[in-house]
Amino acid sequence: MFSVTVRNHIMIAHSFRGEVFGPAQRLHGATYVVDATFRRAELDADNIVVDIGRAGEVLGAVLAELTYRNLDDEPAFAGMNTSTEALARVIADRLAERVHAGEFGDSAGALAGITVTLHESHVAWASYERPL
Amino acid sequence: MFSVTVRNHIMIAHSFRGEVFGPAQRLHGATYVVDATFRRAELDADNIVVDIGRAGEVLGAVLAELTYRNLDDEPAFAGMNTSTEALARVIADRLAERVHAGEFGDSAGALAGITVTLHESHVAWASYERPL
Amino acid sequence: MFSVTVRNHIMIAHSFRGEVFGPAQRLHGATYVVDATFRRAELDADNIVVDIGRAGEVLGAVLAELTYRNLDDEPAFAGMNTSTEALARVIADRLAERVHAGEFGDSAGALAGITVTLHESHVAWASYERPL
Amino acid sequence: MFSVTVRNHIMIAHSFRGEVFGPAQRLHGATYVVDATFRRAELDADNIVVDIGRAGEVLGAVLAELTYRNLDDEPAFAGMNTSTEALARVIADRLAERVHAGEFGDSAGALAGITVTLHESHVAWASYERPL
Amino acid sequence: MFSVTVRNHIMIAHSFRGEVFGPAQRLHGATYVVDATFRRAELDADNIVVDIGRAGEVLGAVLAELTYRNLDDEPAFAGMNTSTEALARVIADRLAERVHAGEFGDSAGALAGITVTLHESHVAWASYERPL
Amino acid sequence: MFSVTVRNHIMIAHSFRGEVFGPAQRLHGATYVVDATFRRAELDADNIVVDIGRAGEVLGAVLAELTYRNLDDEPAFAGMNTSTEALARVIADRLAERVHAGEFGDSAGALAGITVTLHESHVAWASYERPL
């Protein structure tokens, strides 16, 4: 199995609902360093998993919809705790939609799965892994 | 599949028995930067894998039993080479016991597995992965 | 010249005023990974720059006043752009006050200076360096 | 499942053929930071996955055949795009050959698999994972 | 003293002349992760060292003239060993020219100096520091 | 001013004397990731600060005298707390002796200074800087 990963980041505000979150129930924020991994069993005709330049651009487009925002005000997240692990799924699912829409090119149809990891600090991160 | 990882560290002394270890047969030491990863298939009612604050505390409690010690003098490790990979299992198993004992909270019963990675330097690390 | 550095982090929300900030004029947030460096010309009687345990505790106390907050609502920052470089100075100055108040121990009177670096992402950071 | 990883690096020149590569069709180069991971289900009699010193030496020997070279001139890569993911497979396969040749020692026969990750920058990396 | 740093990277081919370089006399290549640091004594009216967005763009423009090239073929480097430390100076000097040309904005006239660090691997890097 | 840095590591056991060290008074250990930086005002005839290969070899030779040892048993450290900052000076001074002994080559006579940084974990490090 092969994989290629590209890294980018977002800077957002949000708050959490639930006693488990303690002081994180207050409005605060995070830089999420985002690693998007694309997997496939065999390389394509160009000997690659995916066009890494295009992967970076599509990841950038997905993240542009999130960064420099207060997620508490985003309709897409109404009533949802935007935890690190939940945002990892949001980003993975949005990348998957764009794979299916052809934004990663023709050969990307053979991609087997996506993993998205969000690093919230130097001591904590979360991932979501899904098939394609 | 979702995962959450928290990082901490220990600083221990130890020695190894066996020619394969070369100069590491002498009493020496290591900082192990410890990454503990918790996996589960679906998020809980708070939209998280595990209370990351509690996960950090429990990891800290497990590591407090190891750090600032000469492992050669610990009864728990009598007759055992405390290699990086073996210590990864020790820590993963102790975390698993605490999951089963309820220290991670009620919803942690749905955790699927734990992976522990110990970084012994910038050029070497080891992991142990187990189900729950 | 000797130095010792300890690392911790804060997670805050804020917004900026001024066209130069572009989309960062919106309410957003950041994880700042904070490195606090303490310098002195000669080591103390224990052969150290500063008690690293105490340095970590004092840094934690200073950061506890900032983390999990919306800095736009903090009276201390009224009318001020809480840029990464400006926050580096705030933290350095608050650490300096605590050095002068004796929180780092008696021998800390010989400290020569403090540098605080805030990493806002994997591709951007800022520092403030001051004497003591 | 246990794993041990060792890190080293190579510095090579190469070019790519195919429009998808854009400016990377020109002769350029890369530092690849190479992580080689060895997996096995149970530890050996010395309580390790593999002799980490020997693993580092064998990885070094495999990389010595690649580093400080223009890969476009290497007969082994004639007509092949030496993408990051393709080089990860080359290195993993060459390590596997050396496992089978006994270079990792007798107990290495129980190794279950190898993963090789090549980091081409701070924002992009690729992996190849294979059984043994 | 304040500073702000932005990070980017280049991927180049080159070779060295001189016995001291050993195998690096062969055509090979490198990824240089480039950190550009801008220093000034006091913050500007927006409470910043420099517009970090613009700094990233100008650094990107300087690096676009170098990346995906064989430096041995660049007239600017004819007869010159493009060592890591020498390239750090080239990039710092080109950034300084653009500061003086006004590309960093009006308030950048108060910048005191620039440091450029090039990381050639996880175990080696070089810097050049200059006033403005 | 130019600089070049090379990285390596040591794994040692030791204990500290003095109440300030708390649990670190017990025999424990550390991995120190060691960064040795060499500075000079102008590059030599080969356009470098120092032969980076030789610098790595000499650093390795200095570290070979320390690694895989219990520093409490080393005559060189009798009666001395081998704190991170104190070890940084030991290593810097030993490198300086080898510069003066000609081990870095003829042009190394123009080196202006050395800085040694020891990383004891992902959250703490110490440095010693000296002229040559």
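For clarity, chains are labelled A, B, C, D, E and F in written order, and residue numbers in each chain start from 1.
What we mean here is this: contacts are C-beta pairs under 8 Å (C-beta built on N, C-alpha and C of every residue); 3 or more make two chains touch, one makes a residue touch a chain.
Computed from a prediction, not measured in an experiment: that's the story for all the values here.
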Where centres are the averaged C-alpha coordinates, which chain has the largest centre distance to subunit E? B
If you line up contacts by residue number, which pair in D-E, C-F or B-F shares over half of them with E-F? Let me know. C-F
Rotating subunit C so that its CA atoms sit on those of subunit F: what angle is that, to a multiple of 5 degrees? 120
Relative to subunit D, the most remote chain by C-alpha centroid is chain C
How many angstrom lie between the centres of subunit D and subunit F, each centre taken as the mean Cα position? 31
Dist(centroid_CA(subunit A), centroid_CA(subunit C)) in Å evaluates to 30
For subunit F, residues contacting two or more additional chains: 7, 122-123
In their complex, what parts of subunit E are in touch with subunit D? 7, 9, 11-14, 23-24, 26-33, 67-70, 120-123
Complex contacts: residues of subunit B adjacent to subunit A: 1-8, 43, 46-49, 51-53, 56, 105
Give every residue of subunit D touching subunit A within the complex, in rising order. 16, 18, 20-22, 80-86, 88-89, 122-129
